[in-house]
Amino acid sequence: MIDILYFAWLRERIGLPRESLATEAATVAELIAELSMREERYRLAFSDLAAVRVAVDQTMVEFDAPLKGAREVAFFPPMTGG
Amino acid sequence: MIDILYFAWLRERIGLPRESLATEAATVAELIAELSMREERYRLAFSDLAAVRVAVDQTMVEFDAPLKGAREVAFFPPMTGG
Amino acid sequence: MVVRVQAADFDLAAELSDFGLGAGAVVTFTGLVRDHDQGGLREMLIEHYPAMTEPALTAIEARAKSRWNLADSLIIHRFGALKPGDRIMMVATAARHRGDAFQAAEFLMDYLKSRAPFWKKEITDKGESWVAAKDSDEAAIDRWS
Amino acid sequence: MVVRVQAADFDLAAELSDFGLGAGAVVTFTGLVRDHDQGGLREMLIEHYPAMTEPALTAIEARAKSRWNLADSLIIHRFGALKPGDRIMMVATAARHRGDAFQAAEFLMDYLKSRAPFWKKEITDKGESWVAAKDSDEAAIDRWS
(Lines give C-alpha, C1' and ligand atoms only; values in the text may rest on other atoms or scores of the structure.)
Protein backbone atom coordinates (compact mmCIF):
# COMPACT_ATOMS: atom_id res chain seq x y z
CA MET A 1 0.00 0.00 0.00
CA ILE A 2 1.12 3.48 -0.86
CA ASP A 3 -0.22 6.75 0.52
CA ILE A 4 -1.17 9.29 -2.11
CA LEU A 5 -1.55 12.95 -1.14
CA TYR A 6 -3.10 15.78 -3.12
CA PHE A 7 -2.68 19.48 -2.48
CA ALA A 8 -4.25 22.73 -3.64
CA TRP A 9 -6.34 22.45 -6.83
CA LEU A 10 -5.35 18.80 -7.30
CA ARG A 11 -6.93 18.05 -3.93
CA GLU A 12 -10.03 20.00 -4.93
CA ARG A 13 -10.43 18.38 -8.35
CA ILE A 14 -9.86 14.88 -7.09
CA GLY A 15 -12.03 15.62 -4.09
CA LEU A 16 -9.88 14.18 -1.35
CA PRO A 17 -6.63 15.08 0.41
CA ARG A 18 -5.23 11.59 0.79
CA GLU A 19 -5.89 7.95 -0.04
CA SER A 20 -4.16 4.62 0.26
CA LEU A 21 -3.73 2.43 -2.78
CA ALA A 22 -2.39 -0.99 -3.61
CA THR A 23 -0.63 -0.52 -6.91
CA GLU A 24 1.74 -2.35 -9.20
CA ALA A 25 2.87 0.90 -10.82
CA ALA A 26 6.65 0.94 -11.20
CA THR A 27 6.99 4.69 -11.72
CA VAL A 28 5.13 7.88 -10.91
CA ALA A 29 4.02 8.08 -14.55
CA GLU A 30 2.51 4.60 -14.35
CA LEU A 31 0.70 5.56 -11.15
CA ILE A 32 -0.74 8.64 -12.84
CA ALA A 33 -1.89 6.50 -15.79
CA GLU A 34 -3.53 4.04 -13.42
CA LEU A 35 -5.34 6.77 -11.50
CA SER A 36 -6.41 8.54 -14.70
CA MET A 37 -8.05 5.38 -15.99
CA ARG A 38 -9.92 4.90 -12.76
CA GLU A 39 -12.19 7.92 -12.83
CA GLU A 40 -12.84 11.06 -14.82
CA ARG A 41 -11.90 13.39 -11.94
CA TYR A 42 -8.38 11.90 -11.86
CA ARG A 43 -8.08 12.06 -15.62
CA LEU A 44 -9.00 15.75 -15.51
CA ALA A 45 -6.68 16.50 -12.61
CA PHE A 46 -3.76 14.94 -14.45
CA SER A 47 -4.68 16.16 -17.92
CA ASP A 48 -1.93 18.81 -17.98
CA LEU A 49 1.16 17.39 -16.36
CA ALA A 50 3.13 20.56 -17.04
CA ALA A 51 1.06 22.02 -14.18
CA VAL A 52 1.70 19.12 -11.82
CA ARG A 53 4.64 18.47 -9.49
CA VAL A 54 5.31 15.28 -7.58
CA ALA A 55 7.23 14.31 -4.45
CA VAL A 56 8.04 10.75 -3.42
CA ASP A 57 8.61 10.40 0.31
CA GLN A 58 8.76 14.19 0.59
CA THR A 59 11.44 14.61 -2.06
CA MET A 60 10.58 16.20 -5.39
CA VAL A 61 11.13 13.88 -8.34
CA GLU A 62 10.47 13.67 -12.08
CA PHE A 63 7.55 11.65 -13.45
CA ASP A 64 9.81 8.79 -14.48
CA ALA A 65 10.96 8.27 -10.89
CA PRO A 66 10.61 4.68 -9.60
CA LEU A 67 8.09 3.86 -6.88
CA LYS A 68 9.86 0.80 -5.50
CA GLY A 69 9.91 1.09 -1.71
CA ALA A 70 8.00 4.38 -1.73
CA ARG A 71 5.54 4.97 1.10
CA GLU A 72 4.14 8.35 0.16
CA VAL A 73 3.54 10.08 -3.16
CA ALA A 74 2.29 13.66 -3.20
CA PHE A 75 0.85 15.53 -6.18
CA PHE A 76 0.56 19.30 -6.20
CA PRO A 77 0.82 22.38 -8.42
CA PRO A 78 4.01 24.46 -8.53
CA MET A 79 4.68 25.87 -5.08
CA THR A 80 3.72 29.44 -4.21
CA GLY A 81 5.31 30.10 -0.83
CA GLY A 82 6.83 33.25 0.56
CA MET B 1 33.63 85.79 6.82
CA ILE B 2 33.36 82.16 6.12
CA ASP B 3 32.70 79.33 8.61
CA ILE B 4 35.14 76.47 8.39
CA LEU B 5 34.21 73.10 9.96
CA TYR B 6 36.45 70.13 10.65
CA PHE B 7 35.31 66.57 11.38
CA ALA B 8 36.86 63.33 12.63
CA TRP B 9 40.67 63.23 12.50
CA LEU B 10 40.82 66.60 10.74
CA ARG B 11 39.08 68.12 13.74
CA GLU B 12 41.51 66.35 16.06
CA ARG B 13 44.66 67.30 14.17
CA ILE B 14 43.65 70.91 13.75
CA GLY B 15 42.40 71.00 17.31
CA LEU B 16 39.08 72.71 16.82
CA PRO B 17 35.70 71.85 15.32
CA ARG B 18 34.92 75.18 13.74
CA GLU B 19 36.33 78.64 13.12
CA SER B 20 35.40 81.78 11.24
CA LEU B 21 37.81 83.29 8.78
CA ALA B 22 38.04 86.36 6.58
CA THR B 23 39.65 85.09 3.41
CA GLU B 24 40.34 86.20 -0.14
CA ALA B 25 40.64 82.59 -1.31
CA ALA B 26 38.77 82.09 -4.57
CA THR B 27 38.63 78.30 -4.41
CA VAL B 28 38.74 75.52 -1.85
CA ALA B 29 42.32 74.76 -2.95
CA GLU B 30 43.36 78.33 -2.25
CA LEU B 31 41.72 78.20 1.17
CA ILE B 32 43.64 75.01 1.98
CA ALA B 33 46.89 76.67 0.87
CA GLU B 34 46.14 79.68 3.02
CA LEU B 35 45.38 77.56 6.09
CA SER B 36 48.42 75.35 5.52
CA MET B 37 50.70 78.36 5.50
CA ARG B 38 49.21 79.62 8.72
CA GLU B 39 50.31 76.90 11.10
CA GLU B 40 52.01 73.53 11.12
CA ARG B 41 48.89 71.68 12.39
CA TYR B 42 46.93 72.80 9.33
CA ARG B 43 49.79 71.88 7.01
CA LEU B 44 49.88 68.40 8.54
CA ALA B 45 46.11 67.96 8.41
CA PHE B 46 46.06 68.87 4.73
CA SER B 47 49.29 67.10 3.77
CA ASP B 48 47.50 64.22 2.04
CA LEU B 49 44.53 65.62 0.17
CA ALA B 50 43.62 62.17 -1.20
CA ALA B 51 42.36 61.48 2.34
CA VAL B 52 40.36 64.71 2.60
CA ARG B 53 36.87 65.50 1.37
CA VAL B 54 35.23 68.90 1.28
CA ALA B 55 31.69 70.25 1.28
CA VAL B 56 30.73 73.85 0.50
CA ASP B 57 27.42 74.85 2.06
CA GLN B 58 26.72 71.17 2.80
CA THR B 59 27.29 69.97 -0.74
CA MET B 60 30.33 67.89 -1.59
CA VAL B 61 32.63 69.52 -4.12
CA GLU B 62 36.06 69.11 -5.70
CA PHE B 63 39.05 71.11 -4.49
CA ASP B 64 38.85 73.47 -7.43
CA ALA B 65 35.32 74.56 -6.49
CA PRO B 66 34.85 78.35 -6.18
CA LEU B 67 34.16 79.93 -2.79
CA LYS B 68 32.32 82.98 -4.04
CA GLY B 69 29.20 83.43 -1.92
CA ALA B 70 29.99 80.40 0.25
CA ARG B 71 29.06 80.62 3.92
CA GLU B 72 30.31 77.27 5.20
CA VAL B 73 33.18 75.02 4.16
CA ALA B 74 33.58 71.62 5.84
CA PHE B 75 36.65 69.38 5.71
CA PHE B 76 36.47 65.71 6.67
CA PRO B 77 37.81 62.24 5.81
CA PRO B 78 35.84 59.86 3.57
CA MET B 79 32.52 59.06 5.23
CA THR B 80 32.02 55.85 7.16
CA GLY B 81 28.32 55.68 7.91
CA GLY B 82 25.99 52.71 8.06
CA MET C 1 19.38 28.26 12.30
CA VAL C 2 15.70 28.07 13.10
CA VAL C 3 12.72 27.07 10.97
CA ARG C 4 9.12 27.37 12.15
CA VAL C 5 5.86 26.60 10.38
CA GLN C 6 2.84 27.81 12.29
CA ALA C 7 -0.73 29.06 12.07
CA ALA C 8 -0.10 31.76 14.67
CA ASP C 9 1.13 35.26 13.92
CA PHE C 10 4.69 36.18 14.86
CA ASP C 11 6.28 39.27 16.32
CA LEU C 12 9.31 40.59 14.47
CA ALA C 13 10.85 42.28 17.50
CA ALA C 14 10.44 39.22 19.72
CA GLU C 15 11.99 37.02 17.04
CA LEU C 16 14.95 39.33 16.70
CA SER C 17 15.53 40.10 20.38
CA ASP C 18 18.51 37.76 20.62
CA PHE C 19 19.07 37.15 16.92
CA GLY C 20 22.49 37.53 15.40
CA LEU C 21 24.26 38.69 18.53
CA GLY C 22 27.80 39.65 17.66
CA ALA C 23 27.01 40.05 13.96
CA GLY C 24 27.27 43.48 12.41
CA ALA C 25 24.44 43.13 9.93
CA VAL C 26 20.89 41.84 10.25
CA VAL C 27 18.54 41.71 7.27
CA THR C 28 14.87 40.81 7.53
CA PHE C 29 12.19 40.22 4.96
CA THR C 30 8.53 40.19 5.92
CA GLY C 31 5.87 39.08 3.49
CA LEU C 32 2.40 40.53 4.01
CA VAL C 33 -0.96 39.68 2.48
CA ARG C 34 -1.66 42.42 0.01
CA ASP C 35 -4.88 43.02 -1.79
CA HIS C 36 -5.46 41.22 -5.07
CA ASP C 37 -4.53 43.11 -8.22
CA GLN C 38 -8.22 43.37 -9.06
CA GLY C 39 -9.10 44.32 -5.46
CA GLY C 40 -11.67 42.85 -3.13
CA LEU C 41 -9.46 40.28 -1.39
CA ARG C 42 -11.25 38.86 1.63
CA GLU C 43 -8.97 36.11 2.69
CA MET C 44 -5.84 34.27 1.72
CA LEU C 45 -5.76 30.56 2.51
CA ILE C 46 -2.33 29.01 2.81
CA GLU C 47 -2.09 25.25 2.51
CA HIS C 48 1.10 23.31 3.06
CA TYR C 49 2.46 19.75 3.10
CA PRO C 50 3.38 19.28 6.75
CA ALA C 51 5.64 16.25 6.39
CA MET C 52 7.68 18.03 3.75
CA THR C 53 7.61 21.67 4.83
CA GLU C 54 10.13 21.77 7.66
CA PRO C 55 12.63 19.46 5.92
CA ALA C 56 12.36 21.59 2.77
CA LEU C 57 12.90 24.84 4.68
CA THR C 58 15.76 23.36 6.67
CA ALA C 59 17.43 22.21 3.45
CA ILE C 60 17.06 25.69 1.94
CA GLU C 61 18.54 27.24 5.07
CA ALA C 62 21.45 24.81 5.11
CA ARG C 63 22.19 25.66 1.52
CA ALA C 64 22.28 29.38 2.33
CA LYS C 65 24.54 28.69 5.28
CA SER C 66 26.99 26.73 3.15
CA ARG C 67 27.12 29.51 0.61
CA TRP C 68 27.44 32.64 2.75
CA ASN C 69 29.20 33.43 5.98
CA LEU C 70 26.12 33.63 8.21
CA ALA C 71 26.09 34.07 11.96
CA ASP C 72 22.41 33.13 12.13
CA SER C 73 19.29 32.61 10.09
CA LEU C 74 15.58 32.26 10.72
CA ILE C 75 12.58 31.26 8.62
CA ILE C 76 8.99 31.52 9.85
CA HIS C 77 6.08 30.68 7.55
CA ARG C 78 2.42 30.70 8.48
CA PHE C 79 -0.42 28.61 7.10
CA GLY C 80 -4.21 28.81 7.39
CA ALA C 81 -6.60 31.70 6.76
CA LEU C 82 -5.06 35.17 6.63
CA LYS C 83 -6.53 38.62 6.07
CA PRO C 84 -5.16 41.50 3.96
CA GLY C 85 -2.31 43.14 5.87
CA ASP C 86 -1.51 40.00 7.88
CA ARG C 87 2.06 38.79 8.05
CA ILE C 88 2.60 35.63 5.98
CA MET C 89 6.22 34.84 6.63
CA MET C 90 9.59 36.22 7.50
CA VAL C 91 13.21 35.43 7.01
CA ALA C 92 16.11 36.95 8.89
CA THR C 93 19.82 36.64 8.31
CA ALA C 94 22.74 37.83 10.40
CA ALA C 95 26.30 38.15 9.17
CA ARG C 96 29.52 40.00 9.78
CA HIS C 97 29.19 41.77 6.45
CA ARG C 98 26.06 43.27 4.95
CA GLY C 99 26.54 41.71 1.53
CA ASP C 100 26.29 38.19 2.97
CA ALA C 101 23.19 39.06 4.98
CA PHE C 102 21.44 40.65 1.99
CA GLN C 103 22.30 37.93 -0.49
CA ALA C 104 21.39 35.10 1.84
CA ALA C 105 18.02 36.72 2.61
CA GLU C 106 17.27 37.09 -1.11
CA PHE C 107 18.33 33.51 -1.71
CA LEU C 108 16.06 32.23 1.08
CA MET C 109 13.15 34.21 -0.35
CA ASP C 110 13.70 33.01 -3.89
CA TYR C 111 13.75 29.39 -2.75
CA LEU C 112 10.79 29.85 -0.42
CA LYS C 113 8.75 31.21 -3.31
CA SER C 114 9.00 28.12 -5.46
CA ARG C 115 10.76 25.35 -3.54
CA ALA C 116 8.82 25.23 -0.28
CA PRO C 117 5.55 23.28 -0.30
CA PHE C 118 3.05 26.09 0.24
CA TRP C 119 0.08 26.97 -1.92
CA LYS C 120 -1.99 30.12 -1.70
CA LYS C 121 -5.63 30.57 -2.51
CA GLU C 122 -7.27 33.97 -2.77
CA ILE C 123 -10.89 34.47 -1.75
CA THR C 124 -12.17 37.65 -3.32
CA ASP C 125 -15.57 39.30 -3.67
CA LYS C 126 -15.83 37.66 -7.08
CA GLY C 127 -14.80 34.15 -6.21
CA GLU C 128 -11.77 32.13 -5.34
CA SER C 129 -8.63 31.07 -7.17
CA TRP C 130 -5.28 29.46 -6.54
CA VAL C 131 -2.35 31.80 -6.93
CA ALA C 132 -0.37 30.75 -9.99
CA ALA C 133 3.37 30.28 -9.80
CA LYS C 134 5.19 33.06 -11.63
CA ASP C 135 7.78 32.54 -14.33
CA SER C 136 9.73 35.38 -12.72
CA ASP C 137 9.98 33.37 -9.48
CA GLU C 138 11.33 30.38 -11.33
CA ALA C 139 13.79 32.67 -13.13
CA ALA C 140 14.87 34.13 -9.78
CA ILE C 141 16.06 30.69 -8.71
CA ASP C 142 18.32 30.41 -11.74
CA ARG C 143 20.51 33.32 -10.74
CA TRP C 144 21.89 31.32 -7.82
CA SER C 145 23.06 28.36 -9.88
CA MET D 1 9.70 58.55 3.49
CA VAL D 2 11.21 59.26 6.87
CA VAL D 3 14.77 60.13 7.89
CA ARG D 4 15.87 60.42 11.52
CA VAL D 5 19.27 61.18 13.02
CA GLN D 6 19.36 60.67 16.75
CA ALA D 7 21.48 59.78 19.75
CA ALA D 8 18.74 57.57 21.21
CA ASP D 9 18.28 53.89 20.49
CA PHE D 10 15.37 52.81 18.31
CA ASP D 11 12.92 49.92 18.44
CA LEU D 12 12.54 47.96 15.23
CA ALA D 13 9.01 46.77 15.99
CA ALA D 14 7.77 50.22 16.94
CA GLU D 15 9.27 51.69 13.78
CA LEU D 16 7.59 49.05 11.65
CA SER D 17 4.20 48.98 13.37
CA ASP D 18 2.50 51.00 10.64
CA PHE D 19 5.25 50.82 8.04
CA GLY D 20 4.44 49.80 4.49
CA LEU D 21 0.75 49.12 5.04
CA GLY D 22 -0.69 47.65 1.87
CA ALA D 23 2.74 46.62 0.55
CA GLY D 24 3.50 42.94 0.15
CA ALA D 25 7.18 43.07 0.98
CA VAL D 26 9.11 44.77 3.77
CA VAL D 27 12.90 44.55 3.99
CA THR D 28 14.90 45.84 6.92
CA PHE D 29 18.59 46.19 7.54
CA THR D 30 19.95 46.79 11.02
CA GLY D 31 23.58 47.65 11.59
CA LEU D 32 25.03 46.70 14.97
CA VAL D 33 28.30 47.58 16.66
CA ARG D 34 30.44 44.49 16.39
CA ASP D 35 33.71 43.90 18.11
CA HIS D 36 36.84 45.11 16.38
CA ASP D 37 38.69 42.56 14.24
CA GLN D 38 41.50 42.54 16.80
CA GLY D 39 39.03 42.37 19.70
CA GLY D 40 38.75 44.53 22.79
CA LEU D 41 36.31 47.13 21.48
CA ARG D 42 35.05 49.27 24.34
CA GLU D 43 33.14 51.94 22.54
CA MET D 44 32.29 53.23 19.11
CA LEU D 45 31.97 56.99 18.78
CA ILE D 46 29.90 58.23 15.88
CA GLU D 47 30.36 61.82 14.79
CA HIS D 48 28.25 63.50 12.14
CA TYR D 49 27.80 66.83 10.38
CA PRO D 50 24.36 67.90 11.59
CA ALA D 51 23.63 70.55 8.95
CA MET D 52 24.42 68.09 6.18
CA THR D 53 23.23 64.73 7.55
CA GLU D 54 19.48 64.95 7.08
CA PRO D 55 19.66 66.60 3.66
CA ALA D 56 22.15 63.93 2.55
CA LEU D 57 19.97 61.08 3.82
CA THR D 58 16.85 62.63 2.32
CA ALA D 59 18.60 62.93 -1.05
CA ILE D 60 19.68 59.28 -0.92
CA GLU D 61 16.15 58.21 -0.05
CA ALA D 62 14.66 60.32 -2.86
CA ARG D 63 17.06 58.70 -5.28
CA ALA D 64 15.96 55.22 -4.18
CA LYS D 65 12.34 56.24 -4.50
CA SER D 66 12.84 57.49 -8.05
CA ARG D 67 14.54 54.25 -9.03
CA TRP D 68 12.30 51.60 -7.48
CA ASN D 69 8.59 51.30 -6.96
CA LEU D 70 8.55 51.84 -3.20
CA ALA D 71 5.50 52.15 -0.99
CA ASP D 72 7.58 53.47 1.90
CA SER D 73 11.11 53.88 3.19
CA LEU D 74 12.79 54.73 6.47
CA ILE D 75 16.33 55.60 7.52
CA ILE D 76 17.38 55.97 11.16
CA HIS D 77 21.01 56.62 12.06
CA ARG D 78 22.40 57.15 15.53
CA PHE D 79 25.36 59.23 16.65
CA GLY D 80 27.28 59.48 19.92
CA ALA D 81 28.90 56.79 22.06
CA LEU D 82 27.78 53.20 21.41
CA LYS D 83 28.77 49.88 22.94
CA PRO D 84 29.38 46.53 21.22
CA GLY D 85 26.02 44.99 20.30
CA ASP D 86 24.24 48.35 20.17
CA ARG D 87 22.14 49.23 17.15
CA ILE D 88 23.83 51.84 14.96
CA MET D 89 21.27 52.37 12.23
CA MET D 90 18.45 50.83 10.28
CA VAL D 91 16.83 51.16 6.92
CA ALA D 92 13.47 49.74 5.92
CA THR D 93 11.83 49.57 2.53
CA ALA D 94 8.32 48.51 1.58
CA ALA D 95 7.22 47.60 -1.92
CA ARG D 96 4.68 45.58 -3.80
CA HIS D 97 7.39 43.24 -5.05
CA ARG D 98 10.26 41.80 -3.05
CA GLY D 99 12.90 42.61 -5.67
CA ASP D 100 12.23 46.34 -5.35
CA ALA D 101 12.31 46.21 -1.55
CA PHE D 102 15.59 44.25 -1.48
CA GLN D 103 17.37 46.32 -4.10
CA ALA D 104 16.30 49.65 -2.62
CA ALA D 105 17.47 48.55 0.84
CA GLU D 106 20.87 47.54 -0.55
CA PHE D 107 21.11 50.80 -2.44
CA LEU D 108 20.30 52.83 0.70
CA MET D 109 22.94 50.91 2.64
CA ASP D 110 25.61 51.35 -0.01
CA TYR D 111 25.02 55.10 -0.11
CA LEU D 112 24.81 55.41 3.67
CA LYS D 113 28.20 53.74 3.98
CA SER D 114 30.09 56.31 1.96
CA ARG D 115 27.79 59.22 1.08
CA ALA D 116 26.29 60.17 4.43
CA PRO D 117 28.41 62.41 6.67
CA PHE D 118 29.14 60.04 9.54
CA TRP D 119 32.54 59.07 10.92
CA LYS D 120 33.24 56.24 13.32
CA LYS D 121 35.97 56.02 15.89
CA GLU D 122 36.78 52.81 17.73
CA ILE D 123 38.02 52.91 21.31
CA THR D 124 39.71 49.61 22.10
CA ASP D 125 41.81 48.27 24.97
CA LYS D 126 44.88 49.25 22.96
CA GLY D 127 43.92 52.76 21.91
CA GLU D 128 41.63 54.58 19.57
CA SER D 129 41.42 54.95 15.83
CA TRP D 130 39.12 56.31 13.15
CA VAL D 131 37.50 53.64 11.00
CA ALA D 132 38.94 53.90 7.51
CA ALA D 133 36.64 54.00 4.50
CA LYS D 134 36.81 50.74 2.57
CA ASP D 135 37.54 50.47 -1.13
CA SER D 136 34.82 47.79 -1.24
CA ASP D 137 32.25 50.33 -0.04
CA GLU D 138 33.27 52.76 -2.75
CA ALA D 139 33.06 49.93 -5.28
CA ALA D 140 29.59 49.02 -4.00
CA ILE D 141 28.35 52.46 -5.04
CA ASP D 142 29.53 51.93 -8.60
CA ARG D 143 27.18 49.04 -9.25
CA TRP D 144 24.20 51.40 -9.13
CA SER D 145 25.49 53.78 -11.81
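In order of appearance the chains are A, B, C and D, and numbering begins at 1 in each one.
Note that a residue touches a chain if its C-beta (ideal position, glycine included) is under 8 Å from a C-beta of that chain, and two chains touch if they have at least 3 such contacts.
Keep in mind that this is a model prediction, so the values were computed, not measured.
**Student:** Listed by label, which chains are in contact with subunit A and with subunit C?
**Tutor:** Common neighbours, subunit A/subunit C: none found.
**Student:** In whole angstrom, how far does the Cα centroid of subunit C sit from the Cα centroid of subunit D?
**Tutor:** From the centre of subunit C to the centre of subunit D is 23 Å.
**Student:** Taking each chain's centre as its mean C-alpha position, how far apart are subunit A and subunit B in Å?
**Tutor:** Chain centroid spacing, subunit A to subunit B, equals 73 Å.
**Student:** On a C-alpha centroid basis, what's the spacing between subunit A and subunit D, in Å?
**Tutor:** One centre to the other, that is 49 Å.
**Student:** Name the residues of subunit D that each touch 2 or more other chains.
**Tutor:** Subunit D, residues with two or more chain partners: 31, 98, 109.
**Student:** Going through subunit B residue by residue, note those that touch at least 2 other chains and give them in order.
**Tutor:** Subunit B, residues with two or more chain partners: 82.
**Student:** Which pairs of chains touch each other?
**Tutor:** A-C, B-D, C-D
**Student:** Subunit D touches which residues of subunit C in the complex?
**Tutor:** Per the touch definition, subunit C meets subunit D at residues 11-14, 16, 20-35, 85, 96, 98-99, 101-102, 105-106, 109, 140.
**Student:** Note which residues of subunit B are touching subunit D in the complex, please.
**Tutor:** 5, 7-9, 11, 55, 58, 72, 74, 76-82
**Student:** Going by the contact rule at the top, pick out the subunit D residues touching subunit B in the complex.
**Tutor:** Contact set of subunit D toward subunit B: 31, 47, 49, 51-52, 55-56, 77, 88-89, 109, 112-121, 130-133, 138.
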